[in-house]
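Should a chain be cited, it is by its letter among A, B, C, D and E, assigned in written order, with residues numbered from 1 in that chain.
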Amino acid sequence: MKTWPQSILEKSMRKDVILDVISLHAGYGGKPVLQGVDFQVREGEIVAVIGRNGVGKSTLMKTLIGLLPTDRGSINLRGASIDLLAAHQRARRGIGYVPQGRDVFPRMSVLENLLVGESIAGQATEGKVDEIFHYFPILKERADQRAGTMSGGQQQQLAIGRVLMGTPSMILLDEPSEGIQPNIVQDIARITVELNRKTGVTVVFVEQNIDMIRAMAQRCYVMDKGSIVAELDKDMLQDRDIIRRYLSV
Amino acid sequence: MEFLYSIFSFLYQFGDAFAFLVLSSCGLAVIFGMMGVINLAHGEFILCGAYVSTSAAHMGLPLPLAIAAGSIAAGIAGMIVELAVIRPLYARPLDTIVATWGISMIVTQGTLIVLGTTMAGSGTPFGSFSVGAYSYSIYRVVLMVMAVVTLAALWLMFTKTRFGILARATIQVPHVAEALGVNTNLIYSLTFGLGAALAGLAGGLYAPTMTLVPTMGASFMVEAFVTVVVGGADIFLGTAPAAVVLGLIKAALTSWKGQFAGQIGLLVAVIIVIRILPRGISGKILKERA
Amino acid sequence: QEPIKLGVLEDQSGDFALATIGKVHGIELAVEEINAAGGIDGRPIEIIAYDTQSDNTRYQEFMRRVLQRDKVDVVFAGFSSASREAYRPIVNQFDGLAFYNNQYEGGVCDANMIVTGAVPEQQFSTLLPYMMETYGKKVYTIAADYNFGQISAEWVRQIVDENGGEMVGEEFIPLGVSQFSQTIQNIQAAKPDFVVTLLVGTAQSSYYEQAGAANLALPMASSVNVGQGYEHKRFTPPSLANMYATVNYIEEVDTPESKAFVEKWHAKFPDEPYINQEAENSYAAVYLYKLMVERAKSTELEAIRGVIAEGDICFDAPEGEMCIDPKSQHTSHTIYLAQVTEDHSIAFPKVWESIQPYWLGEAGCDLTMEDPSAQYTPSSPPPAK
Amino acid sequence: MSRASRFTSFLKLVEGPQTLGNGPKFWSGFAVVLLAACSYPAFADSYDVGNNVYFFNWLFMALGLSLIWGYGGSLSFGQTAFFGIAGYSYGVLTINLGDAYGLTLFSLVMAVAISALFAAVLGYFLFFGRINGVFLGIVSLSVTLVLERFMAQTAGPEWVIGKARLNGFNGMGAMPSLTIPWPGGNIVLYPDITLYYLTLALLVIVYLGLRMLVNSRFGNVLVAIRENPLRAEMLGYDVRKYQLGAFVIGSALAGLSGVLYTSWGNYITPASMGMTAASLPIVWVAVGGRSDLTTTLVGTFLVLIVFQSLTIHGSQYALVAMGLLLVITVLIAPKGIVTALVEFVSKMSDRRKSKAEEVR
Amino acid sequence: MPLLETHKLNKHFGGLHVTGNVDFALNPGEMHCLIGPNGAGKSTFFKLILGEHLPDSGDILYDGHDITRAKPFERIRKGISVKFQVPGIFKELSVRQNLTIALQYHVDPELLAEEIDQLLEFLKLADDQKQLAGNLSHGQKQWLEIGMAIALKPKLLLLDEPTAGMTPDETFATGEMLQELNREGMTLLAVEHDMAFVRQIAHQVTVLHFGKIFAQGTIDEIVANEDVAAIYLGEVDA
């Protein structure tokens, strides 16, 4: 039997740790990508994950939500292991996931796309659609357009709006700024931070855009070759050059 | 008066062709349109519906209940098939052609071995009525009504219910739907089951009017495929108009030049329609709308 | 003693199985009886059977197999005429002997073939005059849209014409079609006195149920239905009421020979749904073959054809006596007029004994003289000499 | 480039990224198989020889479908249409022209050309109308079903071309077999040893030729179109022409199968264009592994043998067993059973290699 | 003479006018960036130039030829090449094969292998050349597609968000690479949202808004433009 180092055990017992990832290994059909990822996220935090192309950031996100199986190690949500849960079960526990490259449902209308997001909550929530429309007015304007024909940036907004429909307690965002016009990038950052303040939602996001990282993140993990190689705290995140340096580890 | 009689008779023939096209195709359309699976075992679900409902009728169940039983049985069979065979194949839909073809062979021959070469029919209920010089079967009118009811029910189910939205989401981007909390396996199972149940319904409805043999499913296949293709991938926008167009073509050609012309006409219609509307009728409608 | 090898290629699965599984059983029954009685000249018969799955290419594969690999003495093969045409070149190539134990459209003039089924002249020249006398002279034909249906319809046209009747309509139905509303209406519009139904395959037989449901209460006549697909057993009464079919046998035939036959059949095959005419043909064919071999003291094709040429190969089959015609190598039959009654039981208002397969011989096919290995039809007869 | 080196680089195309089985190991295996195939008639009886010719007949159609579907990504459900057209063309031509002076060989070429022409016309409408995916499959299926229905009702005497009756559903017979003119008596190619060698030679030529085709630049573009037609177009390729090209070549091969089959059994029937016949090539190709010529070839041959022997030994259960076999194959071997076997073997040999290295 | 010109180019989907009377000119040798809010019609404009969509009205001139109705592949053969917003690669083929297909008609067969090796090196994909392209990470796919686009040695290269998903350093490197290609004579039109990148490479910037040209000028002029800031830039410090 494997015994965990005392400190990690201790940490995972801590009550305010919502997500505790211990020595996580995962990959694609025998090809290992994540090779021992360890990190914790506390309730209500906004944490960034950065790293070069191809180091495994998206793989980490997919493993957290359950689209890829855990090969070794474990993922604990509020102290309980979720390794054996299917993705939809994890979602039902309040995890919202916005994939890289958006992946909206192309042949469904914008509104229908949003309605699918309700599944996270398991039921429809009164007034939720209007709330989303308030954050992303273009979605209201195009409520009946087929999502596949929306512009790249519009799709990204839709994808974010879609998970918010389910009022998740934790959101995983994979490169949310990709393809979004600068002022909306700022909006998204602002909205996220605002939501985080208002509702205490926890956010884990992968990002390359320094401005967005600075605007949103309270803490930041740096990934390389399938594991976490550094952790940046609030102060370090003030310095563009530090982030820049770590982004290209 | 004569003129009105012939109008009625044309309408009746059109309705008859329409009903056959709709009922034989909507199960196939649900499975193809929603899941991208070309179900070559469609005819065998029809067979299942026909055999079960006829057996139920022989056991004394009233016809509507017997038909419902056939449809449910086919639906359950569909869910089993989905679980065992179709589910691993969603990532490679073309392979489902081979798999369902295999299933079709197993079921057809299995039925022959277990139940023999034929089953006695239950007889067409309700008798006939006359308009002018012609007499017509009343049951055929029931079939027409059932076709319309089925279409309406499907339309409501897929556009007005949550199930419809989730089902379409699941088919389009399964991993995201799952990550959003949709139990995609359940959705798949229900959708395929629904398609199979609709096939079973067709079997149950037509069973009293047909020869019951293990290969009977085959005689629905051409019409079913043709309707689905002409309709295009979006079953609600496509199937009904396709059945109308094809029903008209078939009724007109058959009364004018006989069954051969009707059959060839259907097939040629496919080739022409696809030439003009490569994505079927619904593809055209969707494009206009977008 | 070395056994005589009898190859059997019949459809035990697929579209035609309904009508053909019985043929295999007929052969098995006859072989069992013959072997129990000491075989053919002391040689037992060994059956080598393959399931051709209602698939023409299987006939081609297995005909080569039985002739080349299994080296059978004789083959009993085929239900549909297409399957017969598929294997016939191979039988010719290897100069084998094949029995086609099936009712069909007629016209095969081929020294390697012996046909024990009935042909149109036997069935229509009896059926149609009776129908016209009884019900009237206006006739409507619906027929399967392929060789059998079209050639049979040609016969109907000709015989109706010869007997002073009138064709008020003719419609050909592609194989596999199962929906008949329009056809039923076309028939009502033409107001015939009776309908000739030459429907083939299980899908097409749905016509009867649908015509019944639409209350198309016209008398019907057929050379294939009832006798092959026992539609009167499969559909609920009274959809086949007033159907008249000429058959050379069906299990209802009410003679002592027939009754005994049915009895021993059911003793061996208790689950058999029906003994149709092709089952009896196949049964009788084994005895006819036995007779030929005993007479010829050989299984060689030439020797067998020699005894056929003598012209008195006859067997007392359950239907009555059947004899092989030397010119065409087809078979004379007792033809029963089977009438389906209101409750779908069978009556036999008329029986014709020893009806000859006359047409081929009269038209100029004479296998005792030459072997064209061809199939002729009334509109393309053998070339005049 | 010198002519010689151009020629060798042309020959080199038999190997490449688009085909499994490259390198000396594969080719020595190939030589062994070829040798075995050549000496086979010496050991087998004449039934087996003829039966193998029958199996060979179908392989051309399978290879053609592999090109169209496996490499090009266009699922044609109607290859039997070209099979049938060529078969009937051969029948009509040879019945009218007779079998003297090598006219049957001329008819073979003409019949294949006719089916290719038909494919070109149909393919023009399909591909230049930008029809693809399932729709392509169903349109091509409809075409073949129309042809079947149509040919089935040509029983009457009015359906005659020259001396050749089309003869409806019963099928057309009595056409001469392929005949090679030879001093001192024509050689008639009945299903026996001569026909065996002829068909085998054709097969080897077609197989190697197709390997060169798919490894050529044409083949590269073809697989590119399968993967992403838009991207292929944006690299400057006229996607439609390449699709049409593959379709015509593949369909001509189906035509070749049709001619060989017709000559083999002196018979062709509308049923060879029907629903069941149309599904079979898809099954063969998918079972073996459609995206490679070798796996297609081996897979098709295996399926033909297995299905025939099941029918011989399985009586009524044969069809059930075939169905089960198909379902199981698709489930356990996603890329086809032959591909799966190849991958398994190479994994095993890799493992052995690495073990051997460890020991060292 | 401009290399690419559009006259009153119009395109609408249903009631939505995606490009409205766009008059645009691009001079040979220029590096031009197209920016604008999401949904402004930038990608649609690209698709019109490439022939993926046909315009409702207006003309497109390339190198003096009217290509308004030409087939996409014909335009490519005239020397245009593109990287899409959503990577379009051959997923089931290896990285190397992807490049082979792009290069095979542009390079002497003898030199093909060498050329591909160089390109792989340049794209930092040499280690992954045997991988199936579909298994690359998102950023790597972008790289591969850029590689295929430049492999055609186009006169005019269209890039739709080439650096999306790249780290700042990689973005910078991409910029340098494009400048290098430009020095060799290639004209470039890129859609980007990353102002640092735009600043790095663009000689000229066009802002598209609701399908119309909203502003045009150097990056400094654009950044200084308050209207552009209001609709697009926000308080970005570019």
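Everything that follows uses one rule, which is that a residue touches a chain if its C-beta (ideal position, glycine included) is under 8 Å from a C-beta of that chain, and two chains touch if they have at least 3 such contacts.
Chains and their UniProt names: A, E = Branched-chain amino acid transport system ATP-binding protein; B, D = Branched-chain amino acid transport system permease protein.
Bear in mind that the values here come from a model prediction, so they are computed numbers and not experimental data.
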item: Number of hops, subunit C to subunit D, where each hop joins two touching chains; value: 1
item: Interface with more contacting C-beta pairs, comparing B-C to A-B; value: B-C
item: Approximate Å spacing (C-alpha centroids) for the pair subunit A, subunit B; value: 43
item: Centroid distance [mean C-alpha coordinates] between subunit E and subunit B, Å; value: 47
item: Inter-chain centre distance, subunit B versus subunit D - centres from mean C-alpha coordinates, in Å; value: 34
item: Distance from the mean Cα position of subunit E to that of subunit A, given in whole angstrom; value: 29
item: Residues of subunit E whose C-beta touches two or more other chains; value: 13
item: For subunit A, residues that touch 2 or more chains besides their own; value: 149
item: Junction residues of subunit B, two or more chains touched; value: 109, 112, 218, 222, 260, 263, 290
item: Sites on subunit D touched by subunit B in the complex; value: 75, 125, 129-131, 134-135, 137-139, 141-143, 145-146, 149-150, 153, 275, 279, 282-283, 286-287, 316-317, 319-320, 322-327, 329-331, 334
item: Subunit C-facing residues of subunit D, complex; value: 45-48, 50-51, 54, 149, 152-153, 155-157, 165, 167-171, 173-174, 190-191, 265-267, 269, 271-272, 276, 308, 311-312, 315-316, 318-319
item: Residues of subunit B that touch subunit D when the two form their complex; value: 32, 36, 38, 40, 85, 88-89, 92, 94-95, 97-99, 101-110, 112-113, 218, 221-222, 225-226, 229, 260, 263-264, 267-268, 270-271, 274-275, 278-280
item: List of subunit C residues in touch with subunit D within their complex; value: 12-14, 50-51, 53, 55-58, 60-62, 64-65, 68-69, 81-82, 84-86, 88-90, 93, 145-148, 150-151, 172, 174-175, 373-375, 377, 379-380
item: Residues of subunit C that touch subunit B when the two form their complex; value: 13-15, 17-18, 21, 145, 171-174, 176-179, 181-183, 185-186, 188-189, 202-203, 205-206, 209-210, 212-216, 233-236, 239, 271, 273
